[in-house]
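Next up is a structure, given as C-alpha cells.
Chain naming follows the written order as A, B, C and D, and within any one chain the residues start at number 1.
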Amino acid sequence: MSKEVRHILATRNVSKYFEGVKVLEKVSITIPEGGIIGLIGPNGSGKTTLFNIITGFHVPSEGEVLYRASNEFIRIDGLNPHEIYRLGIVRTFQLPRLFNSLTVIENLLVTPVGQRGESILNAVRRRTWLEEEKNLVKKALSILTMFNKLEIAFKYPAQLSVADIKLVETLRGLMANARLYLLDEPLAGLDFATARTLLNFIKEIRNSYNVTFIIIEHRIDLLMETVDYVYMLHNGRLLASGKPDEVIQNPDVVKAYVGE
Amino acid sequence: MIDITGFLINWLAYFAIYAILAVTLSLESGISGITNFGKVAFFGLGAYLGAIINTYLLLAISGVDIVKAPPYTAEGVIALIEISTLNPALVLGVFTLSILVSFIVTGVFGYLLTYPIIRVGSGFVGFTLLCVGEVLRGIYVNMEFVGGTNGLLGIPQPFIWLGIPMLSGLCYLLLSVTILALIYIVTDRILGSPLGRTLRSIRDDDIAALCLGKDVPKIKSKIFFLTSGFSGVAGTLYACYVSSVNPQMFVTLVTFNVWAMIIIGGSESPIGAIIGALILTLIERILPLIASLNEYLPFTPDYLRPIFIGLIMIIMLIKYPRGLISMKPPKFTKSAVEELMREAS
Amino acid sequence: MEIYRAILCSYVFSWIYILSSLPLTLSYRTTKVFNFAHPIFITYGAYVVIIVNEVLGREIPLAVAVFLAFVVGGLVSLISHLLVFKPLSYQRVSSNVYMVASMGLWFIYQYVLYIVCQLLTRRYDVNFLSYSTIEYKDVRFLQDVLGLNSMPQYTITATLIGVSVGVALYILFNKTVLGLSLRGIADNASLVAICGVPINRLVNLTWFLVGGITALSGVIWVNFSGSTTPDLGLNIVVDNFAAAFIGGLYSLPITAVASIVLALIENMLLAVLNYYFGVQPTVRIAIVFGIVLAILVARPPMGAGGGLPYRFIKRVSRK
Amino acid sequence: MPPIAGKRLLALIFATLVIGLIIGYSTGYYVGGLGTLQTGGVSERTYTLGVTFALSGAVSSVCVQWEPVVRMAIDDLNNLAKSMGLNIVFKPHILDDGGTADGALKNVQTLYATGVRIVIGPALSSQVKAVKAFSDSNKLIIIAPCSNSPALAIRGDYIFRTQPSALGESKALAALAVQEGLKSVVSFHLNDEFCNVFAQSFKKFFEESGGTVLYDLVYQSGQADYGSDVASLASWVAKLNPDAVFYCGYATDGANVLTHATDEPTLRGVRWLTVEGFYGASEVLTHKVVDFARAVKMIGIRPVPITNPLYDEFVEKLKKYGAAPTLCSENVYDAVMIAGLAVLRAGGSSDPDVLRRALIEAAKTYYGPGGWGLFDENGDRLQASFRLWTMAFVNGTYQYVDIGHITDSNIVIEKTL
C-alpha cells in the first residue's frame, strides 16, 4: 500500500462461481479513503455480486477482501454481514429496504450497533439506556436538520418520496458512524434534479465526515461528475479503471456499453 | 343462585394462565416475527415439569416410596393429598422451585430450538415448532414415568392447605395475576426499549436488519428463551390449577386458541393480547348457559357454543382485521424526541 | 410378517393424502391463504356420500358419490372464500389473520356437521356420528367384470379416483387456456391481471376445484375405513399440513412424494418397527413428526419463505 | 375500520363482562339453583343436575347415546317425585366437553357457578382426574358413569363411579377363557385408561389361572384409521398363533378395527374375547363384521347383572327415546337416578356433606338396570354377575344378543355360538 494515499478497502483477485458459472473473475480493486468511487458496467457484469462479497453475503470462491479496521488491514471475506457492518461498512439495496413499521427517526435510531438497551436485562431497566437513547435521538435530529429533513422525522417510509427514502438509507450509515458506504443504484427512479441533489448530499456527507463511497450506477452522466475514480466491470472482469474522463474515452468501455 | 365470586375466581385464574401465553406469543410472533405454532410444546413441557416436581419431589422429600406409590396410582395421590394439606411450607417451597425450574428448562429448550428456527427460514418456523409440540406429546404418551396416557394426578394446588376453597382459589388467582402482571411489564418495557425497536426491524426485514449489524439469530434466540420460559411458567401454573396432567391436554388446538386471542386482540401489542384472552375465555364460559335451552331445540344446544365462538372470531376479524388494539410507536422514544425538539426550538 | 395389509393401507393412504394435500398447496399458492378449514372438505365429502347413501337405501354408485362429493366440497370451499377470505383479502390482512379466520370457519363447519348428524341420527335411526363402510355397487360390478374380486374394493376405488383426477388435472393445467391462466395466477397474479384475465372468477374456480378434489379423498375414505366421524378431517389434517410444508407450500411434485412417504411411515414403518423391534404403535405421533421435523431441518423448503444467508462458517483467520 | 382505543375497549370488555354475568345470573335463576322460584311463579322447585359428556370428539358416538338416557332418567325421577307428592322438578343441564380434560373442567366450574351441586360425568377417566381437584376443594359431587381407573379409587372424596371396577369383570372373563379351553391369548387394546385397566387385570387373572398372554399390542387413540395396527396384530397372530385375541376398544375405533380385521384370514382363525367397549354400537353391526363375529365365535362380557327385569325394561323404554343401550348407558341411568334420590333424601339441603351422605344411603337401597347401587368405601360400585354377549343376525336384523352369564359360582352359555 502506498503511503501518501491511505486505502480503506482492497479486493485481491476475487472470483466467484455460482454452480460453476463464473460471475466474478480475479477482480482486484483498491478504494482510497475519503473517495467517491464509481462502479459501472452493463447488467450482469457482477457489480452487485462484488457488493455482496464485500458485505459478507457471499464468500468469494477465490481471493480475499481486505479492509482497514483501526490501523491495520484485516481479511473480511467470510465474516457474517452483521460482523462486517460493525467494522464500519454499510450498504444500501437496489430496492430500498427501510423498516416499514418504524418511523424515519426510528429507522435512524435502530442502526447504531451495540446499543446498551438491546440486551434484555438493560431493556427492562430504562435508566440504563435512557441517556444513550437521548444522545442518539439528538444525533439523529441533528443529522436530519443538517439535510433540513426534520419534517419527515415521524413519517413512516410509506409516506416518503423515493428520494427521501434513498437519502434516509444513506443517513442510516451516518448514524452508525460508518466509514465505507456501498450504494447500489441510488439514483434509480429519481428525476434529474432530485438525483443531483442526492449526489450533492453524498458529496456533502463525504466532505463533512471524510467517509468513503462506492456507488453502483447506470446513469453514468450524473455519476461521472460526482465520482473521482471509476472501476468498470464487464462479464465479471475488471475492464477499465481510472479517472472518469479517461474511462469515458476508453474504447472498450464504449464497446461494452454500446454492445458488440 | 349463581355464584359470581366463584365464577370470577375460576375464570380469572384460567384467564391469567392463557393471558401469559398470549402476551408471550405476541412478543415472539407479533413483535419479533417468530411464527410460533408450537406454543403448546412449551406450555406442555412446563406443565409436565411442574407436575413431576410437585409430585415426585414432594413425595420423595416427605419420605414416601416413589417406586411403590407413584403419583399415577391411588396410593401416591392419597399421600399427596395428605402432604398438601399438612405441610404448607414444603408445598409452597416445592411449588416455587418448580416455577423456577420450568422457567429455566423450558427457556433453554426454546433457546436450543433457535437453530431449526433460523435454518428453516421464516416461512416454515411455524410448522417446525408445531412438529416439536406433537413430538413432545408423543413422548409423554410413551413415558411410563409420567403415567403414559393416564397422566399424573394429585398435583397439589399450593394454597389448598388454607382449607376454604374460595380463599385458596383467590390466593392462586392473585399469584397467577401477579405473574401475568410481571410478564406484561417486562414485555411492555422491552417493546418500548431499543431492543423492541430492533425486534420490530427484524420482523419487518431480517436481511436488512442483518446488514445493519443486528445479529439476528442471537437476538431471536434471546427473545425465544424469554418467551419460552414464560410459557413454561404458565404451564406449571396450569398443572397446579388443574392438579392433573395428561398428554391429551396439550394438543395443537391449544396453540391456535392462543393465536386466536392475539389476532383478535391485536398481535402487536401485549395489551391487545390480554384483551383477546379476556374475550375468548369469557365467551367460552358464558356460552354454556345456552345449554339450558334444552327442551326447545331438537339437538344438543351445546353444539352451538363452538359455532358462536367461530362466528364471533370471524366477525371480529372482518371488522377489525388488525386486531382491536393496533400497535402504536413506543411511548418513550416519541416523548424523548418531542422534549428534545422543544429544547431545540 | 403379514405385510399385505400394511402395503394396501399405505397405498390407499397415499392417494388420500395426495388428494387432500395437493389442493392445500394449490390454494396457498393461488391465494396465500393457509386454510385450517381444509380438512372440513374431506369430512364433508365423506358425509355427503354417507347421507345420500342412507337416503337412497345403501345403493349409492361411485359415480354419483364422486359427483356429489365434488360439488358439495367445492361449494363449501367457494362459500368460505366468498364469505370470509375475500372480504379479508380486500383489507390486505396478514396470513395469520386468514389462519385464525379459517379456524373460526372450521369450528362452525365441524359443529354444524355434528348438529346435522344428530338430527339425521334421530330421523333415520342410523348412527351418523360414526359410520361404517360403504360399498360402491358399480365398483363391485367392475370387479366382477374384471375378475378383481380378490382385491379389496377400496384399492380399486382409490386407483380409479386418483388416476382420473390426476389425468384430468394434467389436461386442465397443461392443455387448456383456463388451466394455464390458473397456473399463471398461482405463480404471479398481478402479471396475469395485466394480461386481462378475470382474476376473481378464476380464484373462485380455484377454490371450487380445491374443495372438490379434497372432498374426493373423503369418497375413498368411506369405502376404505370402518369408521367415519365428524373428526375425520381433524385426525388426518396434520399429515396434510406436513406434506404441504415439506413441499414448501409450493412444489406439487414434492408434496405428492411427501404424502406417499408419510403414508409409508404411518403404515409400513410402524408395522415393521412393531413386528421386528417390538415397538408399540403408540409411538406413532413421535415417530411421524420426528421424521417430518428431521426432513424440514435437513432440507429446508425454500418455496414460500427462504432462509437467511446465514452460513455459520468458521471465521477466516485474520492477517 | 379504525381500531378503537385501548381504554374504551377495556371499558367495553367489562361492560360485556357485567352483561354476561347478568345473563348468567338470570339463567342461574332460570335453570334454577336449589330453592329458587321458577319464572312464571309456579310454586315448584326446580333442581338442576349438571351433566358433562363428550358429545363431540373421539368417544362422541358412545356419549351421544347417553343423552337420551339422561332425559329418560330425569323423566322417571320427576314422575317419582310427583307420585311421592313432592313439588320438585329435576332439570338436566347438559354440556359438551369434547372429550377433553380442559373442557370437562371448564364445564364443571361453570355448572358449579350456576348453582349445580351434583354433576353426572365426565366420561373418561382422564377427565375425571382433571375435575377431581375442583370437586374435592369445592365439595362438588361427581358421579362418573364410565370411569374405572384404579388411580381414582380414593377413599372419602366426592367422586362416585357407577361403573363397576374392572377387576371382577376381567376375572370373570379370564375364567370364561379357561373354560372355553383357551390357553394362549394375544391382547390388542386401545391405549386408553379404560382399556389399559382391562388388559392388565385380564392378563393378571388369566395367567393366574394358567393361561398365557403371549403379546400385548397397544394402539393409540385419536387416529383416523387403525388399519396398520390391525396388520401388526395379524402378524403377531400369524407368528405366535394364539388360541384367542383379547380385544378392547370403543365404538368408533372398534368398528374400524373390526372392519379391517374382517379382511384378515389369520384373524378369522382365532377366537375373539372382548369387553363391553363397543357393545351396542350400531356402526359395528355391518354384515361383514357380524359374519366375522360368528366365524371367530366372538364373546363379550359386560357388567349387567343376570335376571334383572329392570334392565330389560330399561332397554325397552330407551327405544322410545330413540337410543340403544351402549357402553355404560345403564350406569348413566343409575347415576342420574341415584343423584335424584339423594337430592330427595337430603330433603333439598344443598350442604354437600348432607348430600354425600344421602347419596351413599340412597345408593344402598337403589337397584337399577345396572344392578345394585351400593358403593364401596372408595365410592366405586360393586358388581357380582355379568352378562355374555355377541353379535348375530336375529329375525332380520343385525343385533347384539346376550348368550349367557357369569356369576361368581358358575359360567353359563345358553345360546350356541
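We adopt the following convention: a residue touches a chain if its C-beta (ideal position, glycine included) is under 8 Å from a C-beta of that chain, and two chains touch if they have at least 3 such contacts.
Quick caveat: nothing in here was measured; it's all calculated off a predicted structure.
Chain pair with the larger contact count among A-B and B-D is B-D, by C-beta pairs in contact.
Seen from the Cα centre of chain D, the chain whose own Cα centre is farthest off is A.
Taking the mean of the C-alpha atoms as each chain's centre, chain A and chain B sit 44 Å apart. Centroids of chain A and chain D (each the mean of its C-alpha atoms) stand 73 Å apart.
Distance between chain B and chain C, defined via averaged C-alpha coordinates, is recorded as 31 Å. Touching of two or more other chains is recorded for residues 141, 149, 207, 210, 216, 300, 303, 305, 321-322 of chain B.
Residues of chain D in contact with two or more other chains: 55-56, 64, 191, 220, 222.
Shown for chain A are the residues that touch two or more other chains, namely 80-81.
Across the interface of their complex, chain C is touched by residues 55-58, 60-61, 64, 191, 217-220, 222-225, 227-232, 234-236, 238-239, 251-253, 255-260, 263-264, 266, 281-284, 286, 288-289, 322 of chain D.
In the complex of the two chains, the chain B residues touching chain C come out as 29, 35, 116, 118-124, 127-128, 130-132, 134-135, 137-139, 141-142, 149, 206-207, 210, 216-217, 252, 256, 259-260, 263-264, 267, 298-300, 303-307, 309-314, 317-318, 321-322. Across the complex, chain D meets chain B through its residues 1, 3-4, 6, 9-10, 13, 16-17, 20-21, 23-25, 27-31, 33, 36, 55-56, 64, 67, 91-96, 99-102, 105-107, 109-115, 125-126, 129-130, 132-134, 136-139, 149-155, 191-193, 196, 220-222, 378. Within the complex, the chain A residues that touch chain B are 55, 80-82, 85-86, 90-91, 93, 97-103, 105-107, 109-111, 113, 115-120, 122-126, 129-130, 133-134, 137-138, 141, 153-154, 172, 176.
Residues of chain B that touch chain A in their complex: 185-186, 189-190, 193-198, 200-201, 203-205, 207-216, 219, 222-223, 226, 327, 329, 332-334, 336-337, 340-341, 344.
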